[in-house]
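All chains are identified by letter, namely A, B, C and D, in their written order; residue positions are counted from 1 within each chain.
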Amino acid sequence: MSKHMANLIPLKALITHVKTETRNVKTYYVKLPNGVEPPKPGQFNMLYVHGVGEVPISVSDLDEKSRVVAHTVRFVGSVTKTFELIREGDVIGFRGPYGIGWPMDAIVGKDIVLIAGGIGLPPLRPVIREVARNRSAYGKLIILYGTRTVEDLLFTYEYDYYKSIPNTEFYVTVDKPSESWRSNVGVVTNLIKHVNIDPSKSYAFVCGPEMMMKSAAQELLEKGFKMNKIYLSLERRMKCGVGLCGHCQMGPYFVCKHGPVFPLWFISKYFWVDQI
Amino acid sequence: MKKLKVAIYKFSSCGGCQLQFLNLEDELLDLTSLVDFALFYEARRFVDLGPYDVAFVEGSISTPHEVEIIKKVREESKIVVAIGACATSGGIQALRNWANIEEYKQYVYPRPEWIEVLKYVEPPSKYINVDYEIRGCPINKEQLLSFILQLLKGKIPTLLIDSVCLECKRKGNVCILVVRGVPCLGPITMGGCGALCPSYGRSCYGCYGPMKDPKPEALNARFKELGVKLNEIKLLLRQFTNWSKEFRKVIEEYE
Amino acid sequence: MSKVIKVDYLARVEGEGSLFIELDDGSISRVELGIFEAPRFFEAFLRSRKYYEVPDITARICGICPIAYIMSSSRALEKILDIEVPEEIERLRRILYLGEWIKSHTLHILMLHAPDFLGYESVLSMAKDYSEIVKRGMKLKQWGNQVIRVIGGRSEHPISCRIGGFYRIIRREELLPLLGELSYVKEYARQLLEWVLKLPIPDIKMKAEFVSLRGEGEYPILKGRVVSSEGLNISEDEFEDNLVVEQTRYSTSLRYKLKGKGCYIVGPLARYNNNYDLLDPEVRSVIESHGYGAPLYNSFQSIIARAAEVYHSVLELEELISSYREPQQPYVKGVVKRGIGAAITEAPRGMLYHRYEINDEGYVVNANIIPPTSQNLASIEQDLLALSSKLVTLNPIDAQRLAEQIVRNYDPCISCSTHFLKIKYINKCSYV
Amino acid sequence: MSLTGLYVGKADSLRTLFSELKRLGYVVIGYRVVDGVLRLGELNSFDEFAQDVEDVQSPGRYLLVNGSFYRHGPDSPKRFLYPPNLTLFMVSNDWIVSIPEYEKHNFAFFGLKPCDLASIKVLDKILLGVDEYYTSLRRSLVLIVENCISPGGTCFCSTMNTGPRARDSFDLAYTKLNDRLVLEAGSELGLKLLNLLEVEPIDDATYERFRTVMRNASEKARSGFELNGLPEGLELHIESKIYKEVAEKCLGCANCNMVCPTCFCFDILDVPLINGSAKRVRVWDGCLNFTYGQVAGGHFRPDLWARYRHFVLHKFAYWIKQFGTYGCVGCGRCITWCPTGIDLRETVKKILMGG
């Protein structure tokens, strides 16, 4: 069997655990099927629900030893809504890992600013984990995270841990605060201005809705970041994950195989163009 | 799996859409183990009172009495699915919306004064919030089955919303518009029928209603270039889904 | 003592109706067959449509027998346009129409009517005890639908028919696969007839005038003279002149009677009685071997006529399909000119009359449609009245069931009738 | 590449060729007249092969008349090699995945035009060795190509460098010169086939005629724009207002995508079945469809002009970067089969002129 056909056939994978995050987000812990290589931060897998459909979902955590990956899924559409019914012990279809992830080699010894909006945090979480694990290998870590409401904040139980990582700053903000909210208010990109970072020896990783990424990129450029130091994880419609179905094109790039993580300089010609 | 408790209602219509349930000859008996047809007057006397998981609603709303009932349907059903051209756009009987109803009553009935109807025939969505639409005059049973099976899987059911042309070409039909130069509504009509008409050598007459984001003005401009008279273009759009928002707009422009 | 049987939402008739029977001291004082069907004004909006649109539009009057509407309207208009369809097209129409008979009749027999005879609330519960016959009936119905689908594209509101014939030539190799299933379909049709002949049928004689087309050498569907058991014999063009139309206050639905005579019955039983000699001999021999024959005056026996017509249709289709020749042209063109044309064809539930007047540009200026159910309505109420003495002796549940069964004897296709109206809204299935 | 150079043979050599392919067990696919158009389909006998017809093509119109020379119809080899509907797999209710057994065919395309040959070359770059279905058919594919002596009203193969004469990748190519054929073989199999025919090396006079005919043909199949600098030119005018102008006429019906011999995008349909199993089906999709760029809670190209722009830029600019070739072969199908007759050639010209 040749590559492509083989790749559109899902492998069976076991759900080892399901964790509720928010009212419409859950994290699914999936045992990697035999022969599948462990994904790298920023990569994604295609998850198939029996008879329902298949969706691209980023890796939000990985335990190499037990070969369990985490996928944090927000229930938004026809396929993702059925994830609500998935329970521990269920079987799911699995293909992956796909795509090019975050440039972990490039950031060794550098300061890093992670900017996440909404469901954009899960793909960045493995980066945080890696930095924490090899803390001395990297410079300062700044995490900026924003969601629409307080209820949408993900992984709140980990925030103390993020803050406890040495040489790390963690800021959250929400667009529409609740009454008891005591932290930042407004869109996450507003925070960029205020962080203390030297663009010449730093990298910025951004993940979130396209509009948010556009303004994040704008802010970072204004702050003095060069385009080759800004990395974005793009999102498009995807049906195959291997650069064949065509849907994920952004200009000449197939987001699934040339990305989803792109350095800004690489896509800058198209990134700003309306409805490209 | 919990059985879906289903109610099937009929308003102003021909009954052809709900008949598609009974047309699922191969599947009907299996389906009854997944679906509980709690209210289905076309098929059974027994009625299991609501609330229902899903109400399939056929037909348009054309009398004051129907307005009452459709509101009740909404109240007692978790999901309301409009089936067919009548329930999604008013159907053929909405043609009376373009005329004087009093004159119509006199034409058809010896005692017109006994006739009590609303001024306009409307789809249920005019009065209540409708969750899903299955298009067609009538709907096709494959789509119906697929819809139900998707629901049973907990999925937000998806059906085709792009053009009939898409299905026409996939199927390998010859384009009637291009080859014969006669008007075809395929390019602005929602797929789902499997490009039935072009497969039988006739142009699409739009019984699935407007597709997502249709461009009727652009198509009409082409019809005019092909020599089709304005009145005939009007008649074309003014068929089974004449009261749909998108078609109505253009027809009104031509009035 | 006065009691009222109200059956709201008369189930298992296509379309929806309600029945209101008032019993006063042992006899029925009032019968109202009310129909929730909202008026749809077909005749009114047909005016100002082009003649070629009429078959597709009128098909939407009824989802159970659209082909009948297509055929009656096409034939009426073809008369105006001076179109004589060639033999091959006529045959193909007959094939299509017989497909509709099979589908409509099996639907009615098994899914709607038989549960009455055997005391089930629906086919869904009947299927538990009679799974074999139900399954076979479904196959039969499916085959009928398949006949329609092959020729018409879909089984409801087929899309291939047009004035003068069909939009494209239906090829022989498209039809022939239908014969592949024929051996079991024939078997099932015979079994269905035998099963129906063995049903417990209430033994009641009712006097009625049975009106139908009379076939010319073959069982009537697409044309024929209008005849009756009481000696009526007229052409379809004279039919309308022989009718009176009524709209009554209590039910406000249009109903038709024969001028100077009163109510009459159309439908399978009428066809059967008037054309018994034209049924396939094989069908007659099955009927006769069960001690039945013709005429049958008991409207409960309409189920027999239906089953007989199903078996007959299957047998005739075998012959028609195997001898099918493709026409030279898919359709015949006519001359558009001013004129009036009327036609009757035999819908599954009885004679369906259409009359149109068009102008020089081919726009419809007048239309009249008389569906079978409006013609039977008066007879249904009369039957109910006639059985009143029996109804009152029954317990409420059984009385309701019997009353419904009487209505269903006529297979009333309520959406068929462009003239049925709601009369009263009464609460759910209550027995007062 | 031509292995042989040009030879001359009799017109009825085609019949011999046809029988030989049949004898070798190939399913021979060529243009036949069906319902007033040329359709690609299996030819059971040589007489079914379209001979005395000509297709008159113009933007949005297609007409078949008597004549001696045809181009093509709505079908392209894509329909056979990359079918519009393909079940990828079935999965039972207890999660057993099965892949359908695809029928193995040995296809021989007979009388294919150079643009369609070129389209196979384009598909090769995308699918060969990647898509199993395509690859298995492609490996045994035989290509008999008819050069175009008279390109049609929507053809622009000269511009795209794909015709009107096929230069390589065929097994056998022939050109009709009145009652004779000019033939050349492009593969071992082509050589064998040529060997069966009565041919002789081309003489000077015939060669001159051949050259003139081909030169004239080539002149006819120009679009009015040049390939030189095309991708850069289009990207330079990525914000061109022409896209919006064209979108006024565009219906978003995706007929252009469907008839294009190289459009390869697909959608996947999930079909749950009553017995609890399910299948996944691959179907043709196209960038003009509304749903193409739709995502949960949003849309990347909600406006038609943006979808149309993607089509143009993909064909003439992105494709080069993705696959090292243009995505357009100049067959003109998208122009002919566009219900409103939008002319891709005009669009490109206008954009390049800075509109």
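Here, a residue touches a chain if its C-beta (ideal position, glycine included) is under 8 Å from a C-beta of that chain, and two chains touch if they have at least 3 such contacts.
Predicted model only: the values in this text are computed from it and were never measured.
In terms of C-beta pairs in contact, B-C outnumbers the other of B-C and A-B.
Among the chains, the centre nearest to the mean of all shown protein C-alpha atoms is found for B. The chain with its Cα centroid farthest from the Cα centroid of subunit C is A. Averaged Cα coordinates give subunit B a centre that lies 25 Å from the centre of subunit C.
Averaging C-alpha coordinates per chain places the centre of subunit A 40 Å away from that of subunit D. Subunit B and subunit D have Cα centroids lying 38 Å from one another.
Residue positions of subunit A touching 2 or more other chains, listed in rising order: 50-53, 77. Listed for subunit C are residues 168, each touching two or more other chains. Of all residues in subunit D, those that touch two or more other chains are 35, 271-273.
Chain contacts here follow an irregular pattern that is not a line, a ring, a star or a complete set.
In this structure, the chains touch in the following pairs: A-B, A-D, B-C, B-D.
Within the complex formed with subunit D, the residues of subunit B that make contact are 27, 30-31, 145-146, 149-150, 152-153, 161-163, 165-166, 169-172, 174-175, 177-181, 184, 186-188, 201, 211-215, 218-219, 221-222. Within the complex formed with subunit B, the subunit C residues making contact are 9-12, 14-16, 36-45, 47, 49-50, 53, 56-57, 60-64, 66, 107, 111-112, 121-125, 127, 131, 134-135, 138-139, 141-142, 145, 153-157, 159-160, 162, 166-168, 245-247, 249, 252, 254, 330, 404, 413, 415, 418-419, 421-422, 425, 428-429. By the touch criterion stated above, subunit D contacts subunit A in their complex at residues 88-89, 91, 93, 95, 97, 99, 126-127, 129-133, 135, 235, 238-239, 264-268, 270-273, 277-278, 280, 282, 285, 287, 292-298, 300-303, 306, 309-310, 313-314, 317-318, 321-322. Every residue of subunit D that touches subunit B in the complex is listed here, in rising order: 34-37, 39, 60-63, 73-75, 79, 84-85, 248-255, 258-259, 271-275, 283-284, 286, 289-291, 304, 336-337, 339-341. Partner subunit A is touched in their complex by these residues of subunit B: 149-150, 153-158.
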